[in-house]
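These notes concern the structure reproduced below.
Think of it as A, B, C, D and E in the order they're written, each chain with its own count starting at 1.
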Amino acid sequence: APQPTPESGRAEPTRVTFALDWAPNTNHTGVYVAQELGYFEEAGLDVEILPYASTPVPELVSGGAADFGIGGQGGVQLGRTAGLDIVSVYRVTQSEVGELVVLADRDDIDSPADLEGKIFGGFGSPLYRAMVRTMIEHDGGRGDFTEVVLDTGAYEALSSGTVDFTLSVSTWESIQAEIEGRPYKSFQYQDHGMPDVQAVGIISSDAYLTAEPEVARKFVAAVQRGYQYAADHPREAATLLVDANPDTLGGAEELVTKSLETLAKDGLFVADGVVTGSADPERWEEYGAFLVENGILVDESGNTVTQAPDWADYYTDEFLDR
Amino acid sequence: MSALSVRGLGKRFGETTVLDGVSFSVEPGRVTSVIGPSGSGKSTLLRILTGELDPDAGSFEVDGAPVRNAQRPFAFMPQRDALLPWRRVLDNAALGLEMAGVPRRQARRRASELFDTFGIGGTERLWPRQLSGGMRQRVALLRTVVQERTMLLLDEPFGALDAITREQLQRWLLGIWERHRWSMLLITHDIREAVRLSDEVLVLSAKPARIIGRVRVDRAIPRGDGFVLDPEARRLEHELLKLLARAAPGPGATMMG
Amino acid sequence: MTRRLRAHWPPVAAAVLLLGAWHAVAVSGMLPATVLPTPVRVVEQVWLQREALLGHALPTLTATVLGFALSVASAVVIATALDFSALLRRAVLPLLVVSQTLPMIALAPLVVLWFGFYLLPKVLLVAFLTFFPMTISLLRGFAAADPDMQALLRSMGAGRWGVFRHVRAPSAAPYFFSGLRVSITYAVVGAIFAEYAGAVAGLGVYMQSAKNVFRTDLVLAAVLVSSIVTLLLYALVVALEHLLLPWLRVERGLP
Amino acid sequence: MTRRLRAHWPPVAAAVLLLGAWHAVAVSGMLPATVLPTPVRVVEQVWLQREALLGHALPTLTATVLGFALSVASAVVIATALDFSALLRRAVLPLLVVSQTLPMIALAPLVVLWFGFYLLPKVLLVAFLTFFPMTISLLRGFAAADPDMQALLRSMGAGRWGVFRHVRAPSAAPYFFSGLRVSITYAVVGAIFAEYAGAVAGLGVYMQSAKNVFRTDLVLAAVLVSSIVTLLLYALVVALEHLLLPWLRVERGLP
Amino acid sequence: MSALSVRGLGKRFGETTVLDGVSFSVEPGRVTSVIGPSGSGKSTLLRILTGELDPDAGSFEVDGAPVRNAQRPFAFMPQRDALLPWRRVLDNAALGLEMAGVPRRQARRRASELFDTFGIGGTERLWPRQLSGGMRQRVALLRTVVQERTMLLLDEPFGALDAITREQLQRWLLGIWERHRWSMLLITHDIREAVRLSDEVLVLSAKPARIIGRVRVDRAIPRGDGFVLDPEARRLEHELLKLLARAAPGPGATMMG
């Protein structure tokens, strides 16, 4: 268990582990900034960033293998309902960053309705299937399409034309496609019948938060400072992120910089009138309702959930620095 | 009390009866030979004694008591030499001693002392595959006798040897028997060899094998230089040959093709 | 106890023991039920989801069987060719080894890109992931042939092919079957792996979907199905060996 | 041509041929350079990224070697135990087969949960993914022992252990080495696979990161490094066999 | 023109010279036997003729011409029987015919006709491992003679047989030779057998092997019933025994242990 941290900060720093959901990318910027600029150190924390593992972060955190980790709203809603001990403590993006994309030269596809009967380069997730179906139906289609589970190969498959559409992170793959000169044509989920969602966030567990509320407060506050810095200084933050991950991001400066600029200005890291990193109850309610309606949520014993739980239990702003 | 006493041994393989009530005994310090047509069941008999096969009928006792496995006081030489390909010739020869708990160095030394006597000096460091058929047989024999067990079971020990080497090894075996008085059960297809080395020669019939003749060989018969000219030995040989001819299976008549 | 029962109780007992241990851990609370459900629950799910599981098991089985057939054929052809030419062996064997060192987890997406999502890439991946143990075993088995027997065949006027067919190939049979046992075991896993890399249906797709909604029980239900399929295939290989190599039991002094 | 050259040109020629084909496809424009860079570019990257690659290769190598050592040890212990007890064999062998049918891609996450991110889970996964070919080969090899030789040993008063040590084990040696060749080939891939499942450093982590920033050239550079490592380990196994089984060449009538 | 003519054959294994300038020839339709101490190089000589080993010196011709591989007109019986474990006994016996292109059914039929003559009738469907040592040897001999090649190379064909069976097969071989007049090169360690079956007997010295004696055996000597009592045959046997004693390697003197 972590040591209680004396205020002086002279004693041993408290160890905190943080699990990434993927190889280091701009979603993780705030954490790396806090690390690089010494925010954690100032708070008396020794943060270890655990790299991506095929183990889903909710399971790592729920199982106690990590104290915190990247975890978006959808994952928290699915996971906590299914009995995982996870709770959202910080929202990295205030809204959706994903988008449905096709190749820019696909003149035959002008709206999601045109995706009827097409091939989806997918990820084997019922949530994404429901999302695509909703978008097609919203635009007047029947919602029939074929999903090919491709996982990381989806983008190559799209650019080589073996699938017709896939889902892309607007602040990562879509930017890369642009850089490579093969830009995507994109459809925003929210424009086609999907509720908005706080797509990227940070989670912890009730168990950890109960045991270490003070450490959690320091950690979340430091991260919050980090993302605020990234929103204010995207170029500097880009440099910090790349410097922290020279092996992996060295050579991808352009991608990182463009991505961070987008994340900073489009109301993703920060939004007008809200505390950075805070939860938006409306998004949790609406997205939660979508999950219930589509029968995606199951409870601990594997039964489909038909009655929305109290979503307020699923997130907290308690550890934010207001 | 007999060194070995076999009572009513029977053995079948599937439908075929191979041994059918074989009884005999070997007295302590005596040599008994078994001759019989090829395929009659001689090797099968030894394989039962060594515990490799279980008999379907009958039993046997060693020194008056039934044997339990791993306690057999035999040194056994199988018909096919069964040299281990992964041991050099010397290590093959020392195998029996090693198994008896003799330390490796000592086992090798004792085995190596016999190499010249057996006419295979210089092959110690070769692999078995590098030996001729007769040399392999000699290594197998050496491996057996060097164990100095009180009872030897030898399955055609000289079958692959030329006349001279065979003569030399027979004489050597006679000499070592004189000194140690081991009991021996010897399978051979050479009648003269049987007479020369034994106190008693048993004749097995063709499959299903029964003992159809027993010939005692007096120790008074000279086994060394005088053997070849001894008329009593010749008479016994002749008697055994007749027994063997009776033992042989039917088709011999059709063989003059 | 009937003979049949006597032959079967040890694996059953072992399996029961293992399931018991699993159950004990699952209900101990060491791990949340979402991470480790009880075996009873998993079996329940196999029954409840039987239609979906069957629907996904069939494409996996098809890919497995076709891929494995291709694998056996390639292994036999490659090993034979390499046995005939020392030059080829020196040239190609290192490449085969290298081929097995390619982390498929990184390259599988390319295969899918080239061959589409349906049967073909799965078949190819299964073949690729399983031919190696058989090839190596065959090569070793050919080399284990008795030189005396080969010399005999040559003395009878047999050419290299005759020696190969009548001595080297039969000598390799026991080795081959040991490679076969390893390979068949990997075949189903290989197919599932291929489905992770790209497929429209199959147990791998089913597992991935279940995992994404934290349904470990369904993942394990699919795992159970895949294990049963593999065990059946393995038993088939054992039976085939029994049938095709009757002499082997005799050689080993078995009744 | 010197002897050394003569022995080495076939694999070199084959490799050059293959690289040529790769290069041709890469520059043909069939695939974009981001999907398939030229071999020259990949080698260039190996050199440019040598420090990073070395830094990531070391943990992978450590996991491989430790995992493989564990794997060999387990295979020998398990196979020996199973050889001694037919009951155990009937009980445990099906479980071993089942264990190999578990799609690690679905279960690796559990391993990380239980054993964390560092060396241990990698070592365990490598061992788990590689012990099976050796175990099966060993079992087959034990069974291939000549009954005459075993009877001889028993006649010498050797117990089951003596027979095992002096006949069954050496008989299994050629089989074992054929399993070893297969296993060592899978060991590095297994370590990389384990790193995909969760690790702080290693070639698998490097590949994944490189893929995330769309650097196929770096992925392939890491693949190249892993292939070279595997080839070296494979060569080591071959050399070891040569050294430990001198009788085998004689048995096979080789000079 | 000789059926086989061997000139100055030499063979070394590593440091050891095994054959050292061996020359002889076998006339068409004649039988030549080779005797010599165990390990002298008799089998090595045959292995060179069958092409299994390359000689280090010398050469040989068949029917006056050097042979190319796969064209040897020999039927060869190796010393260790080399039965294929994966073929039933009958299929082993038919192997040589099959290799010569005889259709399988016919090959089996021809081989099966000899089973009774060889005293192994009823073993056709067994596996080699289920045969006794002498039975295996007979299968190997059958496999060789059924090929009906013009030249037979036999390496100790009767080594594992009892006196009666051996006698029967020797007579059978004499009979078949009378009819077919095959040329034969026969290795044996039995001097009497050599005299009985041959036109000429060659004696090899111990390693490094040279031919140290040649004994012609007149065809006038009766080979059938009268053979055992023929004084000329006995004289030749005695002569060969003396030659063999000279051929034997040194350590014999120390063998009386």
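Here is the rule we use: a residue touches a chain if its C-beta (ideal position, glycine included) is under 8 Å from a C-beta of that chain, and two chains touch if they have at least 3 such contacts.
Note that the structure is a prediction, hence the values are computed from the model and not measured.
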item	value
Contact-graph separation of chain A and chain E, given in steps at minimum	2
Other chains in touch with both chain C and chain D	A
CA centroid of chain C to CA centroid of chain E, Å	49
Where chain A and chain D are represented by their mean Cα positions, the distance between them in whole Å	37
Geometric centre distance via CA averages, chain E-chain B, whole Å	26
Where chain D touches two or more other chains, by residue	35, 105, 110, 113, 147, 196, 211, 251, 253
Residues of chain B touching at least two other chains	80, 130
Per-residue overlap in chain A, given as positions that touch at least 2 other chains	56, 59, 63, 152, 156, 160
Chains grouped in pairs wherever the two touch, ordered by label	A-C, A-D, B-D, B-E, C-D, C-E
Chain C-touching residues of chain D, taken from the complex the two chains share	7, 10-11, 13-15, 18, 35-36, 87-88, 90-95, 97-98, 100-107, 110, 113, 132-133, 136-137, 139-140, 143-145, 147, 150, 174-175, 177-179, 181-182, 185-186, 188-189, 192-193, 196, 204, 207, 211, 219, 223, 226-227, 229-231, 234, 251-253
In the complex, chain A residues that touch chain D	22-25, 50-56, 59-60, 63, 65, 152, 156, 159-160, 176, 180, 245-249, 251-252, 255
Contact footprint of chain E on chain B as seen in their complex	13, 35-39, 42-44, 79-80, 116-117, 119-121, 130-135, 138, 156, 159-166, 168-169, 171-172, 175-176, 189-191, 241, 244-245, 247-249, 251-252, 254-257
Contact footprint of chain A on chain D as seen in their complex	31-32, 34-35, 49, 52, 55-56, 105, 108-110, 112-113, 116-117, 196-200, 205-206, 208-215
Chain E - residues contacting chain C, complex	47, 50-52, 69-72, 74-76, 78, 80, 82, 84-87, 95-96, 99-100, 127, 129-130, 147, 153
